[in-house]
Amino acid sequence: MRYIFVIFSLVLLTFSAGLAQVDTLGVDSILLNIAPPSPISNLTVYDKANDHGHALILEWTPSPDDGAGMNTVMLYEIFRSESPDSPFVNVGSVPLGNSRYDNIGILEKESRDYIPDNTDLYYRVDAVTINPEVRASSEVFGPVRSYSNWFHRGRVPVLLAVLIFGGLMMYFVTVARKGAELYVRPLAGISAVDDAIGRATEMGRPILYIFGLGTADMISTIASFTILSRVAKQVAEYQTQLIVPCYDPIVMTVAQEVVKSSYLDAGHPDAYNDDMVFYITTNQFAYVAAVNGIMLRELPATNIYMGKFYAESLILAETGAVAGSIQIAGTDEVGQLPFFIIACDYTLIGEELYAASAYLGREPIMLGSLKAQDYAKAAVIILSILGIIAANFGLTAFTNIFKVLD
Amino acid sequence: MNAFTPPLALALVDIGRVISLVLIAGGLLWLLIRAIKLKEVERRVIFLFIFISVAAPILFPTVFKEKATPIVKAVFDKIESLPPGSKVLLSYDFDPAMAPEVQPMADAFSRHCLVKGHKIVYMCLFATGQGQFTRTMENVIRPEFPEKIDGVDYVNIGYKAGNEGVLNVIISDFKKMFPTDVNGVPYDSVEVFKGIRSCKDLDLIISIGGGRPGIKEWVLFVGDPGDVPIATGVAAVVAPQLYPYYPKQLLGLLGGIKGAAEYESELVIHYPRFKDSPTPALLMMGPQTLAHIVIMAFIIIGNVLFIQGRRKEGKQ
Amino acid sequence: MKRSTLILMGLVVIVFALSWIFKAISFHGVEEHYVLQGFLVTLAAFLTLSIMSFLYRDNPFYKFAEHLFVGISAAFWMSMGFWSTIVGNLIPRLSEGLSNFFKVHYIPGDYNIFFYIPVILGILLLMRLSRNYGWISRWSLAFIVGTTAGLNFIRYLRSDFINQVSATYVPLLVDWQGIGHFFSNLSLSASGQFIMMLANWVIFLGVMCGIIYFFFSKEHTGMFGRASRVGIWILMITFGASFGYTVMGRISLLVGRITFLFRDWMGLNI
C-alpha cells in the first residue's frame, strides 16, 4: 500500500511539473509575441505655476493603444535627463488612461527625486505593455526649466481680502486717532461689570477673574487683558480684593503687568501684590479643580470669565453658582457659550467679547478694527446676496472668484 | 451577554432593567409633582437620578441597533473605497479625559484600515496621545491582527511638540519632522513610508480628538492647502463647530459616542469577523439613551416649575 | 478633628486596604507586578470617588485629590515640555554629543545656526523672574504674538472666511421647474426638493441675521432690530443643539468612569 502511495505521488508530481512547464511556456510565448504599441503624442512639459520651484508638469495625448486599438498599453513611464544625449532616468509612472504627470521634486540635492531649478531638462514618456521590454518611446521634449514663483496667482482672493480689510482698518484707526467718536452699541454684560464690582465691594468679598485656557497669542485672551485692565483699575479704586488664577505662565506674566499698570493708573501702586495674579497648572482639569476650590473657600462675590474656555466652562460656572457669585462670562469658543448662557448672569457672545474690550479700552486701534470688522460684515452680506443670486442663475464666473487654489 | 449566557442570568438582567426603569419613572413623577407644587428639589437628588440612569444600563446591559448617518457613512465609505495598500494617517490628538468618547473610534478606524490592508501611519499632536495609541496596540492590533508587522503594515512615529508648527512642516516634508519612528528606525528604512514624502502623498488623514491642536488645525494647515482628504472623529462637544466644514473641507465626521457606535455597527455589518470584537461605543449607547431621556424629563419639569412660578408671581 | 470625621477616614483606609488586597489577589497569575497593579487600580478608584464626593460637598478627600492632581500635572507638563520640546526638537538638531547623552536620535545635516534664536528667546522669556530685567521678556512675548498672528492670518482668512462665505452660495430654488412641479413632488425626504430648499433658506437667513446681530456700529432698532432678533434666535437654537451634543459628551465620560468602577475595580462581569 505504501509503495502504491509513493508511486502515485511521484506520478502526480511529474504531471504537475509538466503542466507548469506548459503553462509557463504558454504565458512566455504570449509575452514575447506582443507587438510594440503606438507611442504617445503631443508631449508638452511646462513649469508648475504658483509654487516654490522644483516641479514640472507633463501632459500628452494617450497612445491609440490605450483602451483602444491593440489595447496593450498598461502604464506610462516618465524619464528625465539633463541633456538629450545622456542617459534618461525613470522618475515615475502613471497607469493607463492618464494623460498627465506632475513631476514634483524634493529639496534634498542628493536624492534622485531632486529637480534643480533654472536648469535645462529633457523628458520622454514611454507607453509600456504588460511585458516591460515591449514599449514605445515618445519624442524627447526639451529643454524645459522649472523655476520658483514670487506670486501665487491662486491666492489672489486672499490678497484682495487682506488689502480691503487692512485698508479699512488703517482708515478707521486713523480716524479714531484723530479723536472722532466711533459709535459702539451698548452691551448688557459690560454695564454689569461695574455693578458687579460695586456689589463685591459692599459685601467685602473678592472678585475672581479667570482667563480660561487661552495662551497669550489668542485674540480672546488679548481682549480679556483689556477687560482685566478696566476691572483692576476699578478694583484698585474701591480697594477690593482681586484674585486672578492663571492657566498659562506667559498669560500670568502679562496679566501681572496689566494689573500692576492699572493699580498705578488708579493711584494705588502700593496696594498691588504679585500674589493677586498667580499660576496654577497647565492641565485643564487640574486647573479647574483648583479654581473650584478657590471659589468654595474664598466665596467671591463676582466671577468674571473672559477668554478661551473648553470643557471646564460648565464646571466653573456651576460651582460659581453654588458659591452664590454674580457671574459674567465672555468667550468666542462657540461650544462653551451654551453653558455660560445657562449658568451665568450675563454672557458676551463671541465677537461681543472683542467689542467689549474695544468699548472699555477706547483705544483707537481696537475701535478702528471693530469698525473695519463691521464694514467687512456688511461686505459679506452684500457678497453673500450676490453669490446666492449667481448660484441661482448659474453665474459660475462670480462664484469662482472665491476659489483659493494651492 | 451572548448566546451562552445562562437563562437565569438573562432573567435577572431583565428584572434589573424593569426595576431600574420603574425606579426612574417613579422618581420623575415625584419630581413633577414637586414642581407643580413649587417645591424646590435638592441638586443632589438630580445627581442621584443621573447616577442611577447611567449605572443601571451598565449593570443590566442594554444594546440598541445603530444605523450609520450619512456624515458617518461618508468616512466608512471612503476607507472602504480606498484600494488595499493605501496610505492612511491616524492622528491621536486626545488625552485620557477624552478617551471614553474617542478611543472606540480610534480602535474602529484601526480595525477597518487593517482589515482592508491599508498602510497606517500613527502619530500624535498631543503628548498623551501615545498612551492612547498603546491601548489600540494592546486591544486591537496585537490580539486581532497578529500577522501585521510594525514598519510594514503600520508604523508609529509618535508625538512631536509644536502643534501647528508640526503640521506646517509635514505638509511639505515628513522626514524633516519625523526622521525616525518611535523605535529609532530611520524614515527611509520604513516600508510604510515608501512613496510618502509629505502629507500630500497620503490617501486619507483622520484626526481623532477634539481639543487643540486638533481637526481644525489639520484642515487649516494640511487639508485646505494640500488638498488632502480629511475625516475626523471628535468628542461631542466639538462636533457642532465642525459641521460648517462638512462636506467641502471635511469628508465626514464622527461626533461623540453616537458617531462611534454608528461606525462600530457599520463595521460589524460589513465584516462579520468583528462580531465578537469589543464594541464599547455600542455598549455605551444604552446608558447614554436612558440618561438623555432623564435629562429631557428634567428640562420639561424645569419648564413646568418656571411656568408655575411665573403664574404665581402673576397672581401676586 | 471631629469623631465622625475620624471614623469616616478610618473606614476609608480599611476599604482602601481591603480593595488593594483583593485586587492584588485577582491580578495574581495574570499580571507580573500584581501588587503594584492592585494598588494602582485601587488608587484610581479612590481618586475617582474622592473627586465625585464633591457633588455632595467639599471635603478633605476632594481637597487631597485636587491638590494631588494639580501637583502631578504641573510636574508632568514641565517634564513633558523639557523632554518633548528641548530634548525632542532642539537638541537632535544642534549637538551630537548632547543627543547621545539624552539618548535621542541625532539628525545630521539639519544643523542651522538659526536654531539658537528660539533658545535665546526662551532665555529672555525666563528673565521675567527678575525684578529689574523682567522687561526683556516682552521681546519674546512680542515675537510669539506676532508670529502666531502672521502664521494664522492667511490660513484663517482662507479657511474660516473666504471658504465659508463661498459655502453660503447655495441655490434658494433647488431643481426649480415651476410651482406645479414643486407641489406635485412635495415630500419630506431628506434629499427631496422641499427639504433641500428649506435647508438652503435656513442657511441663507441664519447667516444674514446672525451677522446682523454682531453688527456693533448701529443701534438694533426697526427692521435691523427685527433681523437681529431672528439672528439671536438662530444662535440660541444652535447653542441648544450644541448643548445637547455636549451633554452627550459629558454623559459618555461619566459612563466611562462608572464602567471603570464596576468592571475594573469591583470586578463585575459586564
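Each chain carries a letter (A, B and C) given by its place in the written order, and its residues are counted from 1.
Just so we're on the same page, a residue touches a chain if its C-beta (ideal position, glycine included) is under 8 Å from a C-beta of that chain, and two chains touch if they have at least 3 such contacts.
It should be emphasised that the depicted structure is a prediction, and the values quoted were computed from it without experimental measurement.
Chemist: Select, from B-C and A-C, the pair of chains that is joined by more C-beta pairs in contact.
Modeler: A-C
Chemist: Farthest chain from chain A, going by mean C-alpha coordinates, please.
Modeler: Farthest chain from chain A, going by C-alpha centroids: B.
Chemist: Measure off the straight-line distance from the CA centroid of chain A to the CA centroid of chain B, and report it in whole Å.
Modeler: Once rounded, the distance between the two centres reads 22 Å.
Chemist: Taking each chain's centre as the mean of its CA atoms, how far is chain A from chain C in angstrom?
Modeler: About 17 Å, centre to centre.
Chemist: Going by the touch rule set out above, which residues of chain C reach two or more other chains?
Modeler: Correct list: 158, 163, 238, 242, 246, 249-250.
Chemist: Please list all residues of chain B that touch 2 or more other chains.
Modeler: Those would be 97, 224-225, 237, 240-241.
Chemist: Which positions in chain A are in touch with at least two other chains?
Modeler: Those would be 285, 311, 334-335, 404.
Chemist: For the complex, which residues does chain B have touching chain C?
Modeler: 44, 47, 50-51, 54-55, 58-59, 61, 97, 99-101, 127, 159-162, 164, 168, 176, 179-180, 184, 219-221, 224-225, 235-237, 239-241, 244, 248-249, 255-258, 284, 287-288, 291-292, 295
Chemist: Would you tell me which residues of chain A are touching chain B in their complex?
Modeler: 106-107, 113, 284-285, 310-311, 334-335, 404, 406
Chemist: Which part of chain C faces chain B closely enough to touch in the complex?
Modeler: 55-56, 80-81, 84-85, 88-89, 92, 105, 107, 110, 151-152, 155-156, 158-160, 163-164, 167, 238, 241-242, 245-259, 262, 268, 270
Chemist: Residue numbers of chain B touching chain A in their complex, please.
Modeler: Listed in rising order, the residues of chain B that touch chain A are 97, 173, 197, 211, 224-227, 237-238, 240-241.
Chemist: Contact residues on chain C for chain A in the complex?
Modeler: The contact residues of chain C facing chain A are 51, 54, 58, 63, 65-66, 69-70, 72-74, 76-77, 125, 128, 134, 137, 141, 144-145, 148-149, 153-154, 157-158, 161-163, 165-166, 168-173, 204, 207-208, 211-212, 214-220, 235-236, 238-240, 242-243, 246, 249-250.
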